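Heads up: the structure comes next, in structure tokens.
Residue numbering begins at 1 within each chain, and the chains themselves are lettered A, B and C in the order written.
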Amino acid sequence: MKNMVEKEGFNLFKAMAYIDRKYLFLMVFIITIGSLLFPISIPIQIGKNTNLYYSYLSKLKSTDIVMWKGATFRSYMEVKSGYIATLRVIIEKGAKLVAMYDEGDQQSVFQMVMGNPSTGASGILTSLMEQKNYKYWDNYIDLGMVLLGGEATYVSLARNFQGYIHNDYAGRPIQGSFLENVNGAADFAMIIDSGPLAGIGGDFLGRHFAMDYKVVYLGNMIGVGIAPTQTYIETGIVKGMLESGRGGAELEYLIGAPGPGLAALNVMTLGHYYFIALIIIGNIGYFGWERKARREEEIRAGGQKK
Amino acid sequence: MRRGKLPYLRRVLALDVIEDAVGRSTEMGRPILESYGTVAFDQFVIASLSTLSYVARLAAKVDNRVIVPIGGNPGSMITRPVAVDIVKSAYEAEGKGELFNENDMPFLSYEFFSFAAGYVGLILRERPGAVIVGPETADALMYVEEANAVGALTIATGYYIANVAVLACAANYVMIGEEALAAGAYLSKEQSRITSLRTVDIFKFLAIVLVVVGVILVQLKNNFIIDLLSI
Amino acid sequence: MSSLFRRKDIMITIVAFCFGLVIVPYFFDIKELNTYANNLSKIVAVVTTSAFVISLYAQSRRNLIMVRQRSKGWPYQGFQLIIVFLIAAVGLILGQASLPYKWPIEAIQMSGSTVFYSIATFYMISAGARAFRARNTKALLFLLSAVLVMLAQAPMTELYMSWPATIRAFLGDTFGKTATRIFAIGLAISGIVLGVRTLLGKEPATLGLQG
């Protein structure tokens, strides 16, 4: 049998096994830009977790207080659609919102969406907030980076909110706001972790709010957090989750507010198919050329050793 | 545990190959690049610091450089002095204190993706012979792929269950979950530390027994184990 | 004095004391202890956040050395130094809400982060073409599962086929959840044992010591 390693000329299997990276990357551009320029409407099936998430979100009342744990910029890029859609629902329901963070850029992300009350800078949802008369201090308060300090902080918040929180992020005392009667976790109707970097349920909020006080705990998950969180949904600690970009798109569809999630569905579909195609092509090349080439190289190396 | 007899430990290929990786890099005349994670102290960072200690010692023995990119989180500066101490002590212990260069442990950025960009840039510029990726999250694949592109041997830490699958394919060697946490004990070969790994096995066995007994009891409509484990 | 605090036994005693201070309030409701534990947590939080000041110093020092020595890539280090201090000065003088401060962060730094996050796609593509090979039976099974799950994930697939979703649900509910739980249990137990080893001083690397 001819030695395929030494064969001159073009070898299709070899080309399939070793596709140059620049062509791979070029295809990504073509798929992304093509999908955005020539969108196809795809009907979307709503997943079980999104339905659960929405079922709790849709029951919010104007007297409910929602605790919002911020998303870092890197997770916001993935969960943007769900982040905006969830805040949209909260604003439309008129529920009270308390935003808290444990990393520096989470507040910037929140203000990018809700606007900056200190400077009057507008955010993505500012027009909706004006329409619904949803105002800072009356309807939502930003407490700033109060979630530092690990588990002890969450325990303090859950058991002795007034002992731990005194001001908002700008130093304004919370007395006189809707937070003055919040004593602990039991006074929150819901917690939303808006873009955690890992699974939730076994985290501090899960342990000290959801498990101890049975607060409804929802998560807007990035991809790697979906599988670990699923187990906590089944035990009832987490009540629902949005599964990354797809979940956000489903929520946008449910609430009838198309946004970045639905717009990205085409790209998501074609991207997945392209990836599958690459795996298949790569393996055809592997079985057609690479495996034989490696075996022949091993035989040659073994022969030289002798 | 009988005195003097080490308990049986299965091989963790990713840890066994570290010595070969350092040797390979030295033969190629290229440095070793290792990261120990982006956050301040957590269990994986503690374990990775033990690996760093081992790698630094090996590198010092063969007069090679260890490059340790640091950053990715505001808390990463907390761990930096510890890491600098570890590497410096390793070189001094081998009598090669003059080879230690603190500039080989650059703080790149506390901003996550800025750190990732700097890390990738370091790989491309320094072209290490081996890259030992610590407990990284979304960026782990970037480092492994870039390391493969420059021909480095890659050893990755599977920090997330989701990451493990991809790193197992993309990296040459991967430490899955508790293998990374056992690194310090495994590499030291000290009896007291290796015995603690046997403790992990005992507790795992207990967990298996609890699961099996719990499943049987639930079939018999008895929730004793569930109630016992409910907080 | 500093050499006293670098002694291993002193460092381990401090670690054990802090551990006790934080863990005992979980079991005993002692008011003063709760206060001290909360204060310790706040101190840790403040120190962690303030670490960026040290990082600024470390980064500036490194960049200055590289500029002075004209090391490889020194113009970029110099540029970085200028930009960092310029933006810091603008923020201090004009305030964090001012446009000259916010614009570089929102238009450049955040956009740059977005771009770099997107680059992960290209790395995934590169890994998919290069590394995902069915080298043996296990790898073949893994790849088949991956292909089926990805097929089910693509929204358009549901229009034409429902069986990938069924297979995806099966794989996720059985193997996926099992693996996640095994991983979580293993990590939790190993983490506890690692913590005990650290408290007993058997992980000297944590304290910056050789071991």
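Quick note on the criterion: a contact is a pair of C-beta atoms (placed from the backbone, for glycine too) under 8 Å apart; a residue touches a chain by one contact, two chains touch by 3 or more.
Only a predicted model underlies this, so the values are computations on that prediction, with no experimental measurement involved.
Engineer: Of all the chains, which has the CA centre nearest the overall CA centre?
Structural biologist: Closest chain centre to the overall C-alpha centroid: C.
Engineer: Which chain pair is joined by more contacting C-beta pairs, A-C or A-B?
Structural biologist: A-C
Engineer: Averaging over Cα atoms per chain, report the distance between subunit B and subunit C in Å.
Structural biologist: Centre-to-centre distance between subunit B and subunit C: 13 Å.
Engineer: Please report how many Å separate the Cα centroid of subunit A from that of subunit B, as a whole number.
Structural biologist: Chain centroid spacing, subunit A to subunit B, equals 27 Å.
Engineer: As a quick test, compute the distance in whole Å between the mean CA positions of subunit A and subunit C.
Structural biologist: Each chain reduced to its C-alpha mean, subunit A and subunit C end up 16 Å apart.
Engineer: Could you list which residues of subunit C touch at least two other chains?
Structural biologist: 48-49, 113, 117, 124, 126, 130, 132-133, 146, 180, 184 - these are the residues of subunit C that touch more than one other chain.
Engineer: Would you mind listing the residues of subunit A that make contact with two or more other chains?
Structural biologist: 21, 74, 227-228
Engineer: Where in subunit B do residues touch at least two different other chains?
Structural biologist: In subunit B, 74, 111-113, 138, 161 touch at least two other chains.
Engineer: Quick one: in the complex, what on subunit B touches subunit C?
Structural biologist: Contact set of subunit B toward subunit C: 40-41, 43, 46-47, 49-50, 52-53, 57, 71, 74-78, 80-86, 89-90, 93, 103, 106-107, 109-114, 116-117, 125, 138-139, 141-142, 144-146, 148, 161, 164-166, 169-170, 176-178, 181-182, 184-185, 188, 190, 192-193, 196-197, 199-200, 203-204, 207.
Engineer: Going by the contact rule at the top, pick out the subunit A residues touching subunit B in the complex.
Structural biologist: Of all residues in subunit A, those touching subunit B are 21, 72, 74, 103-105, 197-198, 207, 211-212, 223-224, 227-228.
Engineer: Residue numbers of subunit C touching subunit B in their complex, please.
Structural biologist: Listed in rising order, the residues of subunit C that touch subunit B are 47-49, 51-52, 54-55, 58-59, 62, 65-66, 72-73, 109, 112-113, 116-117, 119-120, 123-124, 126-127, 130-133, 139, 142, 146, 179-180, 183-187, 189-198, 202-211.
Engineer: Along subunit C, where are the residues that touch subunit A in the complex?
Structural biologist: 22, 37-38, 40-42, 44-46, 48-49, 97, 105-106, 110, 113-114, 117-118, 121-122, 124-126, 128-130, 132-135, 143, 146-147, 150-151, 153-159, 165, 172, 176-177, 180-181, 184
Engineer: Using the touch definition from the top, list the residues of subunit B that touch subunit A in their complex.
Structural biologist: 74, 111-113, 137-138, 149, 160-163, 231
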